[in-house]
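Each chain carries a letter (A, B, C and D) given by its place in the written order, and its residues are counted from 1.
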Amino acid sequence: MTSTFSPVTLRATAGPGQPEPTSQLDELYRGFEQELLVPLWTEIGDLMPASPSPAAQPHVWRWQNLLHLAQRSGELVPVGRGGERRAIALANPGLGGAPYATPTLWAAIQYLNPSEDAPVHRHTQHAFRFVVDGEGVWTVVNGDPVAMRRGDFLLTPGWNFHGHHNQADTPMTWLDGLDIPFVHQTGSAFFELGPDVVSDHSTPDRSRSERLWAHPGLRPVAQADPTPSSPIAAYRWEHTDAALADQLALESEGHPGVVEPGHAAIRFSNPTTGGDVMPTIRAEMHRLRADTTTATRREVGSSVWQVFDGTGTVRVGDREWEITRGDLIAVPSWQPLTLTTTSGLDLFRFSDTPIFERLNADRVQVEGTPA
Amino acid sequence: MTSTFSPVTLRATAGPGQPEPTSQLDELYRGFEQELLVPLWTEIGDLMPASPSPAAQPHVWRWQNLLHLAQRSGELVPVGRGGERRAIALANPGLGGAPYATPTLWAAIQYLNPSEDAPVHRHTQHAFRFVVDGEGVWTVVNGDPVAMRRGDFLLTPGWNFHGHHNQADTPMTWLDGLDIPFVHQTGSAFFELGPDVVSDHSTPDRSRSERLWAHPGLRPVAQADPTPSSPIAAYRWEHTDAALADQLALESEGHPGVVEPGHAAIRFSNPTTGGDVMPTIRAEMHRLRADTTTATRREVGSSVWQVFDGTGTVRVGDREWEITRGDLIAVPSWQPLTLTTTSGLDLFRFSDTPIFERLNADRVQVEGTPA
Amino acid sequence: MTSTFSPVTLRATAGPGQPEPTSQLDELYRGFEQELLVPLWTEIGDLMPASPSPAAQPHVWRWQNLLHLAQRSGELVPVGRGGERRAIALANPGLGGAPYATPTLWAAIQYLNPSEDAPVHRHTQHAFRFVVDGEGVWTVVNGDPVAMRRGDFLLTPGWNFHGHHNQADTPMTWLDGLDIPFVHQTGSAFFELGPDVVSDHSTPDRSRSERLWAHPGLRPVAQADPTPSSPIAAYRWEHTDAALADQLALESEGHPGVVEPGHAAIRFSNPTTGGDVMPTIRAEMHRLRADTTTATRREVGSSVWQVFDGTGTVRVGDREWEITRGDLIAVPSWQPLTLTTTSGLDLFRFSDTPIFERLNADRVQVEGTPA
Amino acid sequence: MTSTFSPVTLRATAGPGQPEPTSQLDELYRGFEQELLVPLWTEIGDLMPASPSPAAQPHVWRWQNLLHLAQRSGELVPVGRGGERRAIALANPGLGGAPYATPTLWAAIQYLNPSEDAPVHRHTQHAFRFVVDGEGVWTVVNGDPVAMRRGDFLLTPGWNFHGHHNQADTPMTWLDGLDIPFVHQTGSAFFELGPDVVSDHSTPDRSRSERLWAHPGLRPVAQADPTPSSPIAAYRWEHTDAALADQLALESEGHPGVVEPGHAAIRFSNPTTGGDVMPTIRAEMHRLRADTTTATRREVGSSVWQVFDGTGTVRVGDREWEITRGDLIAVPSWQPLTLTTTSGLDLFRFSDTPIFERLNADRVQVEGTPA
């Protein structure tokens, strides 16, 4: 803990409920500063707005630009002990230059050259990987090698040792998502180093975690207790794709299942509880049929979306962007979001919703319905 | 949402795992800035420390100084619509001048002159009051007038309309605790105005909530469902005092009940769940016998303590203060805390622990035992 | 386990969906008997009725008659090892002479002479005592002496060692409630002997459990985990009476709280969870104002009521009884129940409702509202 | 409710803690009988044994014998309204001829001829089907046709309308499991008729429930709330078989996953909670390698096992049987169970364990470890 002392600086302002700006008031405010005090009456508009008014801004990062910079980093930046990962994080334009996609979520592109090992460590921050393109890296989580391939969603829940190694002769890149900003701001970060290289360079098609846990509705009798995070290390694209296709087929046949017309979505879940994959992070895959526009929706908490396939348009608040494969979108709390596509669109999404649900602070408002 | 664009500024640094600072690297970093990106490798030491390294600092605010400034505010600052409350918040010296006692908690002294009404509003932030001295104010929560008296702990869970009115001919002051910083940073604040004056100026000794709910182990059959926050609006000092005295008496008779030798403590709880009074805030009362020193303890999450009675010494990290009635202490996450008293000491404490427990991120370490 | 073999005996019957009674059918049925088989088609009407059709019957036992027989038992029957308790159980007239008040609940009058000790034992069955009259006995639960007095509700959750001793120079009698039938039929009974006399003959006014736990909304920090049963050994009449009086006063003032007009009720609860006092037993106290009739109500599961004070009329199904102090009423599952009083009526009630709630099988129907 | 009055009949007995059998005692006992009372002291040995002493007995029913009688029933007994199902239940030899496999569980062989429809109804009893052999029937649950094939485990949670129809030109038979005895004895049975034939005679390979829910770790976003029973109507053999094979392969590779050496087992689970498929019934599939003997194990609650494949020996208490495909085994509460096989053995198992777990009454003892 560094011992930087931040001075308090107050200015008298005019407005309803505000005191008369007199020399006496000025003297009072100097007293506040002296004692490290700040009155509510000058701050309430900012601190207690009528509805969430986040500093974070809607923003879109272009995957092609990220890829280019990641490749260049692969040439210039080593991966190893100290820096730990060749990961480059989205910095929301409203958050003062901090490497935060939203106030709670970290999103980064990670890049690993052929034969490289990202060294082993563990931390209380929860992490996942999502692969838009490529394959050839195995992430080794607690000694279990987990193949990474396009469309796969891969978990590293907090406090599990993990490293990555690239077994292919091409570089590989993917999206990392973590709750680094939340953990940092609440002061709950622990970190520990492991070996410099991963313990197991084998390349199985399925991880051991999947062999135990990724059977639909079946769980090993030997592991009967619920765990805070999912024991499934990899959610494979073939299953995700099939589940989305099934929802749309059911819709075509006149049966329920989709979120709204033309919009299928699955949530990655913890099979020991039915809840979210990790205590602070929700992850979902969405599929829009061609010529679909979603209802405008806003919810408490922030999220990051990545285009997996197709093209379309995203509108967040009063901003609008054309989006294509790999593009990343930050959606701040309570900002209205609308997605449109003519060609069809697959999107990965992660959010901090579990935090709000567990703290009884979640709220959702869908266009045309009450909050 | 204001639309301030924060530029990203990166500097190449030397160190283990850091890239060679070349002109090419410099060009890469300019590319990151251009695209609003920040690499992990320059930030990991700060973002992912070995153990929590909060920006917030241990600090003590002196009640006598706060009282003096609050009284002066009572002369100069109106209470009413707009400013809403004559509340003056502790600003942790490590938090850049923000009105935050800790990264998640707000603590303020509130002051109400005779006959004044603090106007009615509601907000999603959870609030409580704790009274170190005085009486004469009724806080009216959802139309239920709740007397405030020395030693009482009073709840205003999120989204309940509430106002205060002073029925005495003397001013009254008390401690307000809220989760304003947490709600602000996570973007979950909603706020709504109610009437300018409270709806009911009656002055019952007990609130209706207490008549329904404050009977030990008994609950109304008509209200059988659990509620996220406690339905008890007031936890009276006579009960708190008796419970602490009982624990120490049991200890003297050789029976369990105290936290550690000479240290009694009760937690204010939600009788519909047995859990904390509100989803984000834990509140407790502690009593140390004369000549007691607590075990040094640290935990994930931050807390604020207020001396209710007696004198003693508090040590947080490497800082130490003599403390007396009314003094307020900020304890950042994972800072070791030790309390000592020769005369005996009663302390009120509130913390953000429920956030971490609900997110499976709580950790406690008591001197001499493993984390 | 005794090895009695029960033969199966089947008779062909006529009716919709029933097979033709031929000699071939008879031969088939003999085959069933041979193989220990019973077809659904002859039993479905009994096993799967349109709504619960319990074998148990509504019945009222007269306290004066029970008291008389208990006193006579006090003269003729020893209390001690082997018989363990001088307890006399209600045997529902529909249950074949078994000592079951309902299919799941045991209710008995227990009687202890001056200076007697009921020996110490423990069992997985959950038990409570309720005192209609008298005082002078201490029940010692896990070494904690608990005074028993008129109106008190006293817990002995499963697997706690307990004995009773009478310190007065008069006999004492009370109601015992347990889940013996449920535990017997599901095969989950364990039992263990303790000492022949209780370990502690002291006579404190309050038990240690009350000193730790019976403070409204307060819990000891040292015992933070939820427990399946309530840690409060005694719920005192003064609190129960005050809570009921408060509900009726609130009703008079126009505020919510009562179950229905003129009908106050509290539920004894586990302060560590807000739920029922024990996993299989719900316990409540009800108070009807003079000239009150309850809505007719039926619910899945059975209950036993005891008149604590006043007089009135109870109607269960198509039976009706005048009831007075001490009388006990068995209410089988789904039987409509109505209570009426002109003089005012206080009633204690216990039921097996938690079993159904925990198994998602609870249902309630109140006259004039859908099930 | 029939109004049969059961007389109470008491006999004085000799023994420790028993009263002297005198004429006065006899008079007292006649008084008890008169008032429908039974003393604890004569019953305690039966009601409160040292450990569970169930009336139910271990027993094995031979599938070949059941099949033969079921086929004969197919010739003689109609299926349709009134009788509802051509189902023949196991009657435990200790339970007085009642159609109960154990005190809580119903197990029956059901038989449906080509083109027959078992009519639609619903009931609060929870039901499943397990198929040892054959195919060709679709069970239609709430309008969703669910194919039944060898090895499949199929759910009909309580209060879902369901009927069956045989689309093949051969009869089909399967095992039905329900909680009929538990529901009957606790008085919580509701029943309602639906149409005489199923609404949908289509024959899809997968049910709609599977298309929505049977993707590993994925759930539809549109159905986010937990449900008391699993939404998966069919757990297919191909998944069950693969999960068991994976566990044994992991064991061969030196990794955890199996219950004990040579013994793989999966539990069918509710993907919305991670818990059991229905509130009262647990269901599992077990696989023993050739030349495996399980540890002797006993647990509170009863279960029924069916051999799915292979041969072996089962020992329950002091009884032992050779078992082969289809044979059914009743295991009463707390009876020690050991399974042995030289050839390898696949077994389906269902039990009432969730009842005890939800009521905090579960206990397990494995040979050589404490209870």
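We take it that a contact is a pair of C-beta atoms (placed from the backbone, for glycine too) under 8 Å apart; a residue touches a chain by one contact, two chains touch by 3 or more.
Model, not experiment: these values are computed from the prediction.
Counting hops only between chains that touch, chain B reaches chain D in a minimum of 2.
Contact count check for B-C and C-D (C-beta pairs in contact): higher for C-D. Of all chains, the one whose Cα centroid sits at the greatest distance from that of chain D is B. Between the CA-based centres of chain C and chain D the separation comes to 29 Å, rounded to the whole angstrom.
Centre to centre, using the average C-alpha position, chain B and chain C are separated by 44 Å. In chain A, there is no position where the chain touches two or more neighbouring chains simultaneously. Working note: touching chain pairs come out as A-B, A-D, B-C, C-D.
Within the complex formed with chain C, the chain D residues making contact are 1-9, 15-20, 22, 24-25, 28, 31-32, 35-44, 47-57, 59, 61-62, 65-66, 68-69, 72-73, 76-78, 80-99, 103-104, 108, 123-125, 158, 180, 182-192, 228, 279-280, 300-302, 317, 332-335, 352, 354-356, 358-361, 363. On the chain D side of its complex with chain A, the touching residues are 208, 210-224, 226, 230, 232, 235, 239-240, 242-243, 246-247, 249-250, 255-259, 265-274, 277, 284, 286.
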